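Labels for the chains are A, B, C, D and E, by order of writing; each one numbers its residues from 1.
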Amino acid sequence: MDFFDDATPAWYALAILLLPAAGFCWNAFTYRTEFTRKRGHIVPLLTIGTALFCALTIFKHAVIDGDVGDTPHAASATHDAPAHDSGGADAPPAAGSLADPRWSWSSKAHGVVYRIIDTGALRIDAGITIDHLTATMLLVVTLVAFLVHLYSVSYMHGDKRFSRFFAFLQLFSFSMLGLILTDNLLLLFCFWELVGVCSYFLIGFWFEQDEPPKASMKAFMTNRFGDVGFLIGILLVYRMFGTTDLAEIYAGLQAVAEGRAALPPLFGWEAGTLLTVAGLCLFTGPMAKSAQVPLHIWLPDAMAGPTPVSALIHAATMVAAGVYMVGRIYFFFTPTALAFIAGIGTVTALVAATIGLVHNNIKKVLAYSTCSQLGYMMLSLGVGGYSAGLFHLYTHAFFKACLFLGAGSVIHAVHTEDMREMGGLKSKLPVTYRTMLIATMALGGVPFFSGAFSKEMIVEHALMWGWSHGLAHMLPAIVAIGGGGLTFFYMMRLIYLTFYGAPRDQHKFEHAHESPPAMTIPLMVLAFLSFFSVGWPMPFLGGHKLPELLAAPPALASIALGHGADHGHGGFALAFGVLVLSCLVIVFGYRLYKQTYKDRNPGPEVWVARLRPLHTTVSNLYYFDEFYRATIVRFSYATARVLALFDSKVIDAIVNGVGTVGQLIAAGFAAFDRIVVDGLVNLNGTVCHALGSRLRRLQTGNLQDYLAFAVGGMAFVTLLFLFLA
Amino acid sequence: MNLQDYLHDLSRIWPEILLSVTALLALVCDLLQRGKDPRVTGWVTAIGVLFTLGWICRDVGLADGSLVFGMIVHDRFAMFFKLLICAGTLVVTLLSLFFRGFQRDGIGEYYSILAIAAVGAMFMVSTNNLLLLFLALETLSISSYALAGFLKRDARSSEAALKYLVFGVLASGAMLYGFSLLYGYAGSLDLREIAAAIRTHLHVGEHGLSPAGIGCGIAVVLCLAGFGYKVAAFPFHFWSPDVYEGAPTPVTTFLAVVSKIASVGMILRFFGGIPHDGEGAAPLAAVIAALAACSMTFGNLGALMQQNAKRLLAYSSIAHSGYLLAGVAALVAPSAAAGLAHGATAGEAHGAATGLAHLAVGGITGGQAVAFYAAAYLLMNLGAFGVVIYLSNRFGTESIDGFAGLGWKAPVACGTLVLFLLSLTGIPPTVGFVGKWYLLQPIWSKGMHWLAVVLVLNSVISLFYYFRLARSLFLVDASKALASPRKHAFGTELTVVAVTLAVGVVWFGIKFEWLSDLVLSLRV
Amino acid sequence: MQPLAGYVFLGTAMFVLGVFTMVTRKNAIYVLMGAELILNAAALNFVAFARYMGNRLDGQMFAIFIIILAAAEAAVALGIVLQIHHHFPSIDVSKPDRLGD
Amino acid sequence: MESFSFWFFGGCTLIGSLLVALCPKLVHSAFSLVLALIGVAGLYWGLGADFLGGVQLLVYVGGITILFIYGIMLTPKGATKWSLGSLLFPGVIAVVPLCVMLHLAWKGLESVIKPVDAGVPQPTVDAIGRGFLNREEYLIPFELASLVLLAALVGSVYLARRKKES
Amino acid sequence: MISTIDSSHLLSWITLSPLLGVLAILFTPREKHDVIKTLAAAFTGIPLILAGWLYFKFDQSQAGYQFFEDMSWVDAFNIRYTVGVDGLSSPLVVLTCLLMFFAVFSSWNIEKGVKGYFMLLLLLAVGINGVFVSLDFFLFYVYWELMLLPMYFLIGIWGGPRREYAAIKFFLYTLAGSVLMLVALIAMYLKSGDVPSERTFSLIALAQKGQAGLFDHGSTLFGMELRSWLFLFLFIGFAIKVPVFPFHTWLPDAHVEAPTAISVVLAGILLKLGGYGLMRVNMTILPGALWENGGPTGWATALALLGMINCVYGAFVAMAQTDFKKLVAYSSVAHMGFVLLGLAAMNPNGIAGANLQLINHGTSSAMLFLLVGVIYDRAHHREIGKFGGLASHMPMYASLAFLGIFTSLGLPGLAGFWGEALSLIGCYEVFPKITAVSTIGLIVTAAFFLMTIRKVFFGPKLPQYAGFPDLSLREWACLVPFGLFCIVLGVAPFLLTDWIRPSVEALASLFGKS
């Protein structure tokens, strides 16, 4: 029986999803027990291991075996092509029906649905979608997560909150997997925020120190900015399609693209503007989560968290969730929105890479590298390299995790993160060194390493896009190519400063020793994955390369606006050209590195001196933090303070004052007197009291005054009478 | 002269007769024991008043609206107010009996004068003749002057009496002059004819008021001076804080409750004839509404900073006069519906608004609302003064600061005080709330929306000072209490009185159907 | 027959002068005398109106009761004035001002 | 004759009242009050209220004035400070609006009241006496008046009584 | 409108059984603290059990009123004792019973004036539940005001240093609002019929008449038509309770000064009364004031604008607070803004969101106040700046605090999210710009809560807090149920939305017609 014929995959997926959740609960509720405190890693390892197994199963059936005979969900009844035949990436959609030609499996078709909410208007039926992208992501996440779990057993050994660390890792795994599995935009948002919170707690794991709490808050707040944009995007989408279910959104947009429906008029905007704005709103989420300029500032700071966390969350998975999300709703982006995405990706790739050149903190260099690579991915998605971007996500996850874990191993050995205190560790940490070198090669895009495949695809797409859009649009391609050199340079600089040369801190050097197997085994596995690439046509993939299976959906938004999918596959010539170009750039990067660091001719100091203003700017991270601090942060605090003052001094007073009729009378009574506005409530100095005391002056105690008042009163009443009559 | 008629008429004023006899008995009793033990006199009076009260209760159903002795109306309205007056007098008598300042020899006459004052009050609400009205009013006033000065050793009591007297003489003189003018206008001493004259003259035509209308209005304004003085309404209220503070507390209670309720009854009698078939006296209503608004505002604002509990209650009672007058304004105002009906279907509205149907059409009238509020006011103010007497008896202080923390030392009495204050503020489930609710209905339906808003906002202001009392009593720790309890302070007796009234306040706040039905059967 | 206006004028004058006396003179006896003027003004009005509305009796009756009440009032008033004189060795009505805000 | 009596007694009343208000010396004022009250009594006679005039003379001139004179004796000499300046402001405040009010009131009344000349008034003693005792007329006021007087008597006695106990 | 008529008087029992407790405590000697506390627990427990019964017996497919009781009260004015619940009120009744029960438990350490305290607390329970179940406006009003006095004394006697000020401020503000409501109540009553026998206080009848347009064509007063006056008066009455800017300033004072349990009740339930009232009275009886000629009126826009101001303003002001409790109080202002936004939307999503927000805020803010209470009991101050490193000293406390705070800042998966999201989704359909601006509130809310976490829980251990014990069993038992609610309602919001859906749809169906 075919795996995807019944609801079985849903149970596997649910196991993947819920086992980590159960692990979290176990660790959270038993954290006082001796077992959990000492052996808090056992249950998490079991759950994540099982999840890995389930993910492998799904991957096997969906990708390797291609057990996809089941009819896909939604409006794809017309589509009966087997998944493998979806063939070349970015193939133009068939004319006529714009149904998603890609294979996908939905648990809803098999009755596995969780109706989470139904207000009568908004109905969220949570289901599970599995397609090639999902299956791949599941595998990546569970695998890296498992390895990081394993690594942490040793790395976090002896930490007083050992079990809690695993609890949060579990919670994170749960959220991340949920993010991947869900088929609903709003639920995606939910998991999106949840991973953010896990990240928050894990960054701030060592909260006694000064740095982590600040970094964690910064991370959460920056993400919150993005999330709010995301949420507004969801609101717009809901307003347009009346649903947040991805398949239904797809169907809705499909109807628009096929001319069967029209978008509701909103704000008087036409459909293109509307879709672009919605797309850009949605994109603010990924911008923050995937650390794109200008919302990238949190990622380097997030390195304050434990290194396994950096590897898992801030390198391999969570930060890539933005890219994944853009891929998930790829059909929704208009050309304008995509161009914007490409632009952001380009800037990010460049900016982060340049910062990576000058930083001395090993983890931060890696962080900026991550940032830069995420920029690559966005760039790729933006220029239409759907499969390239997602494939880069896949390769990057492994080699960057490897690098981080390696860095962790180094830090574990020398107890510093500053590369200026390292050097010469090659001999002391051979395994770490070798694995990291392999990962560096992969990251640098050295041919035959995994990174090379994805990177070249990106460059290829960027070139194609630039070619078809005009010269100004070549910038992404230029950055993509040039960035390769920068990347290789700063990575080699990292390797050099860490492992080569003479030890710069003898004391630390002497105490350094290779990490235990629990740490080195994950390193080796990841190094293997960095080298061994499914970028090659794989026999177990039926002779396909993995990226070919990650086919882009029809660009519905573009079609709806009358654009065709306007660039196709580049062909072998281009691919070869790019390969050559990349090699040249890498060689250039290596030359630069060799000249500067190996030969010291001229040494880095000279470069620094020569490029002083540039270096200052870059090493100050382009003053992003300062800018935000001076504007948004300061503005918020100032607003808060001003409003609080306003609240206590003005609103309170006005309401207190006006709330009593007293104020009105007081205006007449005490025009010449100080108008006291702190109201009826304050015992002294209220309007009413001011009035009251003025009234008291009438009550003199002198009888004849009273008589005069009474006579005056009669006159007053008479006047009143004459006036009112 | 037919003896049968004579006896018939007499039988209709049995309560007054009984009370007069009580007064005489009290006097005789005092004389017999040579003024030695005033408490015996007091109990005699109390029993007499109680007996009268019982008689009134028995007679409420018999009221048929007939005219006896040519000038006394024997109707439900009169009986209702007599009931209130008598009940009030009974409680005042009891409070006097338990008042520490009255526990000495030689004041037996007090009870006698009190009873005579009550007789005057009863005639005030039951007559439809200007002469008897004035006479009854003066009976009440003159007795009250004497009562206010009854603590001869206390200079403040004498001062209060003097102020009450002089102010009273001026105000009632002005009223009397107004009466004389109204006599000229109406050509009669009969209140119904006077009311008809007011209605006729105060009709605003297209060219405004006629000279006669203005003159008649001024005459009414002069009368209002006297009425305003009696109920302590702005701008004729100046005497009241001083007198309330200076007079012996039971007398203050009498002035604030019985005298005021009787005066309100009198005002209703006086103006009750004005509304007729949806017509009224718009300018007069406007004047009364303005006075009402001023009274409540001045009373409430004046009360804010008072230190003496009695003085505070005096200002509060000014404010309550404002509330009552607001109801009177609603009574006098021409009905909004009638104004409409004149334009459209005058005939229908005319037909529907006549006779008994006036209840059905207009809902509750201003007069009925005032009557209900008067009942509510009776309960809650008697209660409040009762507890003030309790506190001054037991702890020797009348100042709000002096009350600090006493709530913890006398939780029951002070708890009931909070309840009375709640009722005075007009918060459910107390009778004060129901009263306010009653008042607001005719005010709103007569189109005086602004007055309704002013009224409710005033009740918010009033909360502030009422709850200064509550704050002082309960929000201060018992350990910080300055006053210490005294012996022989009639604590239990006064507590029983207070609790009884408190039960009434809550009972009529929840099950007010009986009272409501009674009030709705009043023809005002 | 003498015009009614004359009597009303006299009444008005007495009333106004009475009020004037009450408001301005400090001596309690003056104040009470002012009160008597006011009462007499009203009584004169009653009698005059009764006469001019056809020799009616009710106005006169009213006047009689006014006199009775004036007497009663004066009696009580003097009692109170005595008290005041006892407590504040004076019968100046502006002296007692212990009560008041 | 009627005219003369009106002018004479009216003049007495007016001058008496004025002097009451304005005389600096208490004794003079008291005697002016007597003059004014006698004037009023005369006016009553002129209006045909013979009994009332008598009562006015007896009760007021004979009774109330005596009370006042008793009160005057309480007053220390020279205690009645008095100057025009101190009177002017409250006086004007009190009197002018009152005059306007009463004038307007009279103007209105004048337009309404229809003088009916019912001829020369008859002696009223008999009618008044019957009225006091007639069930339909003034019996109740009459009885109530007795109560008032009782209360006033008791009250004034109590108030005026020197404390025995002290 | 009426689905089931109840002969078991379930709602009356729920509402009035605490009164029996008041009586029982009244006759208990003052010194027997434990007996009094047990009695209070028992007489809040009984309604809680009955509320559970209510939950299970409630037919979630019906939009009409269930457990309906109707008795005559004052015939002359057609005042009746009418109670019943629908989907809008029944969750709030359950919430009330729950919170009152826990309020009793979290008051267990009260030592001063125990007898009075618990009597007033029980009286408060009567008032609150009464408002939720009343279907007669007069009865509604009576219960509405009944709450004031107990609250005044509970804050005024057992509160913090400025308790007197806070208590009277609370009392005055609320009374000021409710008297205007009284005026509107009377105006509606008088307008509801030409003769007294036709006039009614029944919310059901008034709703029918109002929906038929009875109040739409009234006389104009001072340039505003009667309907607008009615709406304004009622709105002010409810807005003060919500509280809506600019009537909110009583709230921080009252919350800060009130003892913990009372803050819990105040934030957890009392604020809900405002939102509930807006739905039950303003929207149901005067739909025409909000939606006319196929579009929202100025009132609806004003509602949304005020909601926006609440969200943003409340959050910013909260950010500037240094007192933990005050911060939580202002966060309530921000949160209630979402209720207004949801109600202004007048569509199923918005109204459902508002209702969810009511319930969720009821649990999360209650939890936060309990949490503040815990730390105040130990440190005797609430200055955020003076704390630090509490996560090390009191891990269990910190965990629950994180749960509460993240619920409050609207983390998906926890209760707070759904209310906010649905309100925003709903409101976005009608007032997109206002909604977009309101989301600033989300950011600022996150900012100040995270700042609080950083300052209070994170950072190095401070010696002065070294000896602090973690949660006691009683505290734990009070907090954990709320935590569970936060999670359960977060992952299973359908438990609530299914419950309220028919009523929400019925309410929403009044609007949106052109």
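The working rule: a residue touches a chain if its C-beta (ideal position, glycine included) is under 8 Å from a C-beta of that chain, and two chains touch if they have at least 3 such contacts.
Keep in mind that this is a model prediction, so the values were computed, not measured.
Among the pairs B-E and A-E, the greater number of C-beta contacts is found at A-E. Of all chains, the one whose Cα centroid sits at the greatest distance from that of chain B is A. Of all chains displayed, E has the C-alpha centre closest to the centre of the whole protein C-alpha set.
On a Cα centroid basis, the chain most remote from chain E in this structure is D. Averaged Cα coordinates give chain A a centre that lies 36 Å from the centre of chain E.
In whole angstrom, the spacing between the mean C-alpha positions of chain A and chain C is 95. Centre-to-centre separation between chain A and chain D, using Cα means, comes to 100 Å.
The mean-CA centres of chain C and chain D are about 6 angstrom from one another, to the nearest whole unit. Of all residues in chain A, those that touch two or more other chains are 659, 680-681, 696, 699, 701, 703-704, 707-708, 711-712, 714, 718. Touching two or more other chains at once are residues 168, 172, 176 of chain E.
Across the assembly, chain B contributes residues 131, 135, 138, 142, 145-146, 149, 152, 161-163, 166, 170, 174, 177, 181, 184, 187, 213-214, 218, 221-222, 241-242, 302, 305, 457, 460, 464 that each touch 2 or more other chains.
Pairs of chains in mutual contact: A-B, A-C, A-D, A-E, B-C, B-D, B-E, C-D.
If you check the complex, the residues on chain C that touch chain B are 11, 15, 18-19, 22, 28, 31-32, 35, 38-39, 41-43, 45-46, 49, 53, 58-59, 61-62, 65-66, 69, 72-73, 76-77, 79-81, 83-84, 86-88, 93, 96-101. On the side of chain B, the complex with chain D involves touching residues 1, 5-6, 9, 13, 20, 23, 27, 69-72, 104-107, 109, 112-113, 116-117, 119-120, 123, 131-132, 135-136, 138-139, 142-143, 145-147, 149-150, 152-153, 161, 177, 181, 184-185, 187, 201, 210-216, 218-219, 221-222. If you check the complex, the residues on chain E that touch chain A are 165, 168-169, 172-173, 176, 245-249, 313, 316-321, 347-349, 352-353, 389, 391-392, 395, 399, 402, 406, 411-413, 417-418, 421-422, 424-426, 428-429, 432, 435-436, 439-440, 442-444, 446-448, 450-451, 453-454, 457-461, 491-494, 497-498, 501, 504-505, 508. On chain C, the positions that touch chain D within their shared complex are 1-2, 4-8, 10, 12-21, 23-30, 32-34, 36-37, 40, 43-44, 47-55, 57, 60-61, 63-65, 67-76, 78-83, 85, 90-92.
Against chain A, the residues of chain D that register as touching in their complex are 90, 93-94, 97-98, 101.
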